[in-house]
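Labels for the chains are A, B, C, D, E and F, by order of writing; each one numbers its residues from 1.
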């Protein structure tokens, strides 16, 4: 008879055992490691380890021309890559002082809100999966598939979109994209209601999430929480409202806030934000229609006119005109004129404030680019949040924080 | 915490009603939804028998363009390789010699043109960078394969069929 | 030897072997498993006596519930040969002496008992549930109720102990 | 309160210690001496009419050309009360990059400082657990410093021909 | 716009050597087992990043990996047949990946999904492993960043092809042992 | 006593019956795995297995063959004997419980010989089932513990405590039923539910004991370790729970035992509460067909009902989230047991004051 599970002296003394949760545990999204000190099923303390998919984004960004950083940002929070793309573009535009036309802003808002919906859907359905309700997850993915189709119609790619360029978009939205958006807006509310009624008022789900993984507003602020996780704790801080970008000030929407910051609050806040995003998309479509009705030439506006210096010339000109060809070469080489400067600019990502701290020395590549990654910040509060809760709670808490590994580890 | 904006609205977190405490009514409600889905048409597209239509701008496997006379358009300027964030494109330029006008459109051409599809991230920057209308990303999904070598697509794999030869 | 006797002997061997296994095996988990085997053999004996109810209750309660709890505790305590403190030689010697004395006493007691030569010629339904219930609630109603009070107090005690301060 | 007023208040409190105060792209940027970082942060945190109680971000920048102040540690603070952002910078020499830790004031600074240590080797004095966070513990250099190339110099596994680098890209 | 819609020059490669040991003369038992195995590939999703999300889409209603008998995800390496590595594997993660591979029961297959897992993709940096085939043997690579679900299904079908034709003796063959030894396994 | 007189034809008859029942329950269980995958797929707007044979019907066979030919791994630190004993016990107990289920009415042959479609009509049939089920937990416990893995250990600890807790409520809820039927024999209980409607009320026990049925059903979910009570193998928490370390056919046994159990418990539920093989207008049908055909109809009725029950188990599994450990214990000890006790008291009161 072999000796069974070995415990070290210290844990025998304390009557606890250590449990290694992750990095390949199904609940840890494949990359987080937690060394839990357990008393039965109760967690006494947790030591998280990160960095299992550290990819050196910031180092790579220092060696790439500005336009080649867009694909990098895709892979930060890959559940809502377009927001990251546009956050990066807005950062550079702010540094360059480009003013984007309203139509571009609204188109961006549509894309960003669609990706916010996609992001929140993943998070909330993964809470469902971690509590054992798999079916809602599959329903949700049907609608994510619709959103993917919209992205694909706009830019040709589903997940890592590389959507948009400095000053606007690569090309105008095809009619197909608008049709798909309208179809989505029609079909989605019913599916969303189904999703909500499967979980929201289900007693098993409520009891599993209420009072679990809570964090007070003070602690959340002290930990620099942002986004839905901060709002669930009761602080109505939203970058879209506090420091509007991309004409968010034109839109009328609410900021849902919770009270206790527990898993259930986060779930509800995200669900509510999905509804708000839907209303924003509808408003944006109306505003675009109004713009186009007032001035039919608006239909062709998809990038800022003064961004000509930073936007690739039209292909026809490149094929035919010499100046355009030379300019095209310069652009692709990355020789655009970016003035030396320093900027911090933030957008409300699917998961909180995504910040870009960019230092330019006037060269072809950024001198330094630092990403403020909300997940990185949430995860360090994780041990404090789960202390004293059960193993099952820890799992649900992790998914409710919506930790995206790519964003966390950079 | 004081209010920062006038846009805040609290989420609906009302306590459970008696019916909800009984478990069973909500479970039955849930069952109605999920069982109802049994009678819906499945959303599944039976790939590979059925193909899902890709958008016309889809970024898939690359193609190298020819002009109407079947000449290769690529002039080996290297912009695509330069703009590739994954550094997946390799090319070697060569001068067109006399008698090759029917093969190559420009005076320079790519003697070797290779894309490492394993490295490629299908971002479409090469297509944007091309000043000669030569490289495009097609509506084809790159195939899975057994060896790493088989992902080096060379010029022959990328060139579109010659319009003069096929007919 | 008829079939009945054959089964009896087989079950007896299993029961005694299992019982020996309980005390001889070094591993507590194995001991528990041997005990379960013993219970099954004893239940077999009950069935031979046509006491099916007793047999199955023996399995449900002892093998199915109590031994599960035993096993549960033993698993969690992670007992094994390394952890178990070695008993001193003196203690082992004392154990042998006292065990031997107990054995002698038992032997003496059995020697004087008269084996009833006539088998109990009760109805075949003696071990069945309805008969058992009749007897329990009429002849043995007082001990039955007393024992239920005993169990109740044991439960209260367990709750009190189990409650954390 | 405007950015100018914030800077004025700070200058009044820390006379002669601040430098390079300017406001661009909606953020005031102030350079403070390395030794005074905790005092400034505490002052901003405690000040009732500013309430800079939210540490948005903490990182570092490496300027190899600035002698004796090669590493620049950058704090981004946010006052939710004023809805204003503030950038604090401090410079330390790369030979002895010692900065006091802000993790006592902001719990969130803990990992941000570990990350900065991991990337740049900034030594946060008083940090409860200053060790590498994203990279493997065995790593013996600070990869984000400018002198290190993007690729791992110790790598032997690279096959240039396979990775599209063997050709002649101009 | 594009001159043609599709690239028709898709590269096809024959099965790698050593899989079809008995070749044409495979016994019928071999065939039956191969058929069974190929229709019951339980994947172990080693999903670290973006490709994991696309994998979820593959599992979901529109693509439904269940059609291939592969919907039973096992998170315990012992129970799975196919290790699907999806996403960037950093140097910190590499030993763990290897450990998971070692814990799997034979016969086991490895599918490298996406550019990062197959070759490192755009992350040619100090911290990223340039392809998982440096630590474990890979059977099929799926290109794309992330690959569309179609491509992932394609990869699984390639694996099926491999599984269906694999001879029962392959795992005991000298060639296979040599392959594992070249990775320092056993 | 049966054992004293050896009636060879009787033994042969029983042997045939046992092998048929075993074969049938294994077959149903096999296709229950297929059914589960299909049901899950349909509920999720998917198609489900479709490539292995027509409609994916060969899927379970493919899984079986694959598992059979997979490498056996016994972890070095595991207790070898118990590691193998675990799945064997699980499979054994799963198959044993089917012995007392009456699959159809007795067939009276022309020779006068009566063939009972029940392996053993012991007069304590229900208790026998309980006995087998209570032993069944050893399979999971031993397997989980012997694996020498902390997740497995937690899974087996959860399984044991869950089984013990819910057996109590299950037993008490059944006592109320037994008070009404006055017998422990399953054959007798089924006979009492003859037909469908009699004396102005339904004959099936579900109409007489609705509360008892619900409690029994919930406990059956718990005993089966099925969602929402699948804590012992909770995928997102314990990786694969007690069978984390199992590979190959030993894993197959565990997975398969779960489905055999599912089939048997559904059959028992049907027998106890939904009239077993009884169906409306059965007397009329019995009058118009030969006894053998009638028996076959009865068996088919029972199987249909059982399959409906299995489907119900599956629907629930794919709909609701999983309980947490403390919720599970609260539900068992603080809700179900008191409810079952109340149910028992009410039943007793009704029997004494209303029915007499």
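Keep this in mind: a residue touches a chain if its C-beta (ideal position, glycine included) is under 8 Å from a C-beta of that chain, and two chains touch if they have at least 3 such contacts.
Keep in mind that this is a model prediction, so the values were computed, not measured.
Undergrad: If you check the contacts of chain E and chain F, which chains show up for both?
TA: Shared contacts of chain E and chain F: A, B.
Undergrad: Counting one step per pair of touching chains, how few steps separate chain A from chain D?
TA: Minimum number of steps from chain A to chain D: 1.
Undergrad: Kindly list the shared contact partners of chain B and chain D, in label order.
TA: Of all the chains present, those in contact with both chain B and chain D are A, E.
Undergrad: Between D-E and B-E, name the chain pair that shares the greater number of C-beta pairs in contact.
TA: Per the contact counts, B-E leads.
Undergrad: Centroid of chain D to centroid of chain F, CA atoms only: how many Å?
TA: Centres of chain D and chain F (C-alpha means) sit 63 Å apart.
Undergrad: Can you work out the whole-Å distance between the CA centroids of chain A and chain F?
TA: About 47 Å, centre to centre.
Undergrad: Just how far, in Å, is the C-alpha centre of chain C from the one of chain B?
TA: Roughly 72 Å, centre to centre.
Undergrad: Please tell me the distance, in whole Å, between the geometric centres of chain C and chain F computed from their C-alpha atoms.
TA: Here the centre of chain F sits 29 Å away from the centre of chain C.
Undergrad: Please list all residues of chain A that touch 2 or more other chains.
TA: Only 1, 3-5, 25-26, 51, 54, 56, 59-60, 71-72, 135, 138-139, 142, 145, 160, 198, 202, 204, 221, 235, 237, 242, 409 qualify.
Undergrad: Could you pull out the residues of chain B that touch at least 2 other chains?
TA: Correct list: 4, 27, 30, 33-34, 37, 42-44, 46, 56, 82, 85-87, 116, 119, 121-123, 148.
Undergrad: Listing for chain E: what residues touch at least two other chains?
TA: Residues 60-62, 64, 67, 75, 92, 119-120, 122, 124-127, 145, 148 of chain E each touch two or more of the other chains.
Undergrad: If we count contacts the way the header does, which residues on chain A are in touch with chain E in the complex?
TA: Counting only chain A, the residues touching chain E are 23-26, 29-31, 51-56, 59-60, 71-72, 74-75, 78-79, 122, 137-139, 141-142, 144-145, 148, 158-160, 405-406, 409.
Undergrad: Write out the stretch or stretches of chain E touching chain D in their complex.
TA: 91-92, 119-120, 124-127, 130, 134
Undergrad: Going by the contact rule at the top, pick out the chain E residues touching chain A in the complex.
TA: Against chain A, the touching part of chain E is residues 45-50, 52-54, 56-57, 59-62, 75, 87-90, 92-93, 96, 100, 122-128, 145-146, 148.
Undergrad: Contact residues on chain B for chain A in the complex?
TA: Going by the criterion above, the answer is residues 1, 3-5, 7-13, 16, 20-23, 26-27, 29-30, 33-34, 37, 43, 54-59, 77, 79, 82-83, 85, 121-125, 128-129, 131-133, 137.
Undergrad: Can you name the residues of chain A that touch chain D in the complex?
TA: 50-51, 54, 56, 58-60, 62-63, 94-95, 219, 221-225, 235, 237, 242-243, 341-346, 353, 355, 357, 359, 367-368, 370, 372, 376-377, 379-381, 384, 409-410
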